[in-house]
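Just so it is clear, A, B and C label the chains in written order, and each chain counts residues from 1 on its own.
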Amino acid sequence: MQTTAADNSYKVKTTAFEGPFGLLLALVEERKLFINDLSLAEVTEDYLKYVNNLPAADPSEISSFIVIAATLILIKSKSLLPGLNLTSEEEGDIRKLEERLRLYELFMRVSSAVKKNFGKRIIFPPEERKMDTLVFLPDERISRESMMEFARAAVDRIPKKPVLSEVEVKKVVSIEEMIDRLSSRIQSALKVNFKEFAGRAATREEKVVVIVSFLAMLELTRQGIIDVIQENNFEDITMEKLAPESASQI
Amino acid sequence: MNENLENKIEAVLFWKGEPLSRKRLGEIVKAGQTEVNEALEKLKEKLAGRGVVLIEKDNDVALGTAPEFSSLIEDLQKEELNRELSKASLETLSIILYKDGASRADIDYIRGVNSSFTLRALSVRGLVERITDPRDSRRYIYRPSFELLSYMGVKSVKELPEYEEIEKAITGAAANLAEMTKEESQATE
Amino acid sequence: MNENLENKIEAVLFWKGEPLSRKRLGEIVKAGQTEVNEALEKLKEKLAGRGVVLIEKDNDVALGTAPEFSSLIEDLQKEELNRELSKASLETLSIILYKDGASRADIDYIRGVNSSFTLRALSVRGLVERITDPRDSRRYIYRPSFELLSYMGVKSVKELPEYEEIEKAITGAAANLAEMTKEESQATE
C-alpha cells in the first residue's frame, strides 16, 4: 500500500464537491477502503489540501468543510501519536463522524437508485378539465384592497439572495478557535515547541498549512523517512533525512 | 402485442376525462378500429359493477362516474362550489391579478410551493381562465376572468391599487427566482 | 348498506381528479375510517393489472394512470416535463423519500451542508411539500409530494427500491440523528 507522493496529489482537485462528506467518501473509496478511523486518518492530508485550495467564495460553504477538518485532525493526531489521550467529547466527535459518513454513503447509494427511476415510469394525474365557464362564484373576501394585501404579502415572503446567517458566521469563528486549540493540544501532547511553525501563521489558511505540514512531518517520522531530533523540551525541532535504505523498510 | 389494449384505453380515457372518438383513440393507442372496438367491449365488461363506467355516444367514448352515484357527485359538486376559498387560493388569485396573467411556474416561484390544486379551485369558480401561452404553446397562462374584473369594479388590472409598484416587484422576483431555480436544477454533477 | 363502498370511493376519486384525505373521503361517502380503509384495500385489488392505479401518501389517496403507460400519456400531454435533478436535489429527495419526511436540520446533518436553497427549489417544483412538525410547531417537516411519487412511478413509498432495508438502516442511525439535529435546530430556526 505504499504510495508515492506524486500519486497522492489526487484527481479530486478537478471535481467540485458539494460538501465535506462527498469529498471524504471519494477519498476513502479511491483507496478502496472501508470507513473507519484508520482510513480517515489516511485521507486527512488530502482532505486538508483540498479544503485549503477551495476558492474563498462562500464562507458558509467552506465552514462545513472546516468543521469536519477539525475532527479529521483529531483522528490523524491520534493515529500518529498513540499516547494522545482524547477526551470523551473528542471520542464522541470521531464516532459521530464515522456514523455520519456511513449514513451519507447509504444515501449516496439510494440517490443513484432514485436517479435511475426518476421520470422513467410516471403515474399521471388526470389532465386538468376544461371548464364550462358558465359558473361565476366569487368570494366576498375578494376586493381591491384584499387582493393588494395578499399580493404584497406574497412579495414580502420571497427570499432575497441567500445570505450568510449569523449562526453560520459564528461557526466559522469558532472553527478558527478550534484549530488554534487543536494545535496547542498536539503541542502539549508532544511537548515540542511549535513556534517556528505556528508563530507566523495568522490566518486560518496559514494555520491549516501549519497543521498539514506538522502532520506530514509526523507521518514521515513514523515511516522512518526523517528523524525528528529535539534537543530539549520546549526547543525547536530539527529534522534530518535518513538514508534511503531505512525508508523502504516500511 | 396489444394484449392489454383495454388497459391502455382505460388509462387514456381516464387521463383525458372527456369524450374521444373511436378513430382518435385508435390513433393514440396505435390500433385498428376492430381492435379498438373489441378492447372497448372488454373494458366495459371489466368496469361492470365498478364506480366508473364507459359512456358511449355515437362514435365517442368517455369514462364517467357510475349512474347510481350521480346524486352523491351532485351534492359533492355543490358543496365544493359553496366552500370558502382557502388563503392559498386568494393569494394565488392576487398574483394572477397583479401579474395580469401568470403561468403555473411563475406562481410556484413566487409562492415557493406548488399551486396546481389552488389553480383548479379558482378555475372551477370561474375566477380565472386558462389559455395557451401565446409565446410558448407548450404551457398555459392563467388570467383573471372578465367576470372577476367586473366583480372587483375595475376595467383592467392597471386600476388595481398600487398596481405598478407591485407588478414590478412580482415580475422582477419571478424572473430572478426562475433563474436561480434553473441554475439549481441544471447543476447536475 | 355500504357494501359497494369501494365503488363509491372510486367514483368520488375519479370525479375529483386530485388527492383526498381518508378523513374527507369518509365524510363524503358517510363511512368510518375503518370502513374507508377496508374499501380502499378492496379498490386496490380491483385495480390490479388495470390502466388506473391508486396512489397512497400519508393519509391521502388519489387515482392516476398506470406507470406502464407513462410514455403514451407523456406524448399526449402538452406541458414539458422537467427530469433534471442536480446532485444536491437528488441527495435531498432521497433523504425525504426514504426517511418519509425530514426536517431541514435532519437533511443538513446527513448531507453535511446547508440545504435551504435546494429545499426551496424542490418545493417550487412541487416535488416536496412542507408541513409544520407535529412534535415541534417551530419547525417544518418536508415530505414527498404526490408528484414525487408519480415521477418515481410508485404507488406508495413502500414500493421504492430496497425501501424496507434502507429504512431499517436509517432508523438504526436515527437515535444519534435526533439528538444532533435537536441541538442544531435550536440554533438555526
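Note that in this section a residue touches a chain if its C-beta (ideal position, glycine included) is under 8 Å from a C-beta of that chain, and two chains touch if they have at least 3 such contacts.
Everything numeric in this text was worked out from a predicted model, so none of it was measured.
For chain A, the chain with the farthest CA centroid is B.
Central chain assignment: C. Criterion: smallest distance from chain C-alpha mean to the mean of all protein C-alpha atoms. With centres defined as mean CA coordinates, chain B is found 46 Å away from chain A. Work out the mean CA point of chain B and of chain C, and you get 21 Å between them.
Centroids of chain A and chain C (each the mean of its C-alpha atoms) stand 32 Å apart. Contacts with at least two other chains are made by residues 17-18, 63, 65-66, 73, 77, 85, 87-88, 117, 120 of chain C.
Chain contacts: chain A has residues 124, 126-127, 129, 159 touching two or more partner chains. Interface residues of chain B, counted against chain A in their complex, comprise 14-18, 81-82, 84-85, 90-91, 93-95, 97-98, 110-112, 116, 120, 123-127, 129-130, 145, 147-148, 151-154, 160-162, 166, 169-170, 173, 177. Put simply, chain C touches chain A in their complex at residues 17-18, 53, 55, 62-68, 70, 73-74, 77, 81, 83, 85, 87-88, 90-91, 93-95, 97-98, 109-114, 116-117, 120, 146, 149-155, 160-162, 166, 169-170, 173, 176-177, 180, 187-188.
Those residues of chain A whose C-beta lies close enough to touch chain C in the complex are 18-21, 60-61, 64, 68, 96, 99-100, 102-104, 106-108, 110-111, 113-115, 117-127, 129, 159, 162, 165, 167-168. Within the complex formed with chain B, the chain C residues making contact are 4, 6-12, 14-18, 28-29, 46, 49-52, 63, 65-66, 69, 72-73, 76-80, 82, 84-89, 117-118, 120-121, 123-126, 129-130, 145, 147.
Across the interface of their complex, chain B is touched by residues 124, 126-131, 133-139, 141-155, 157-159 of chain A.
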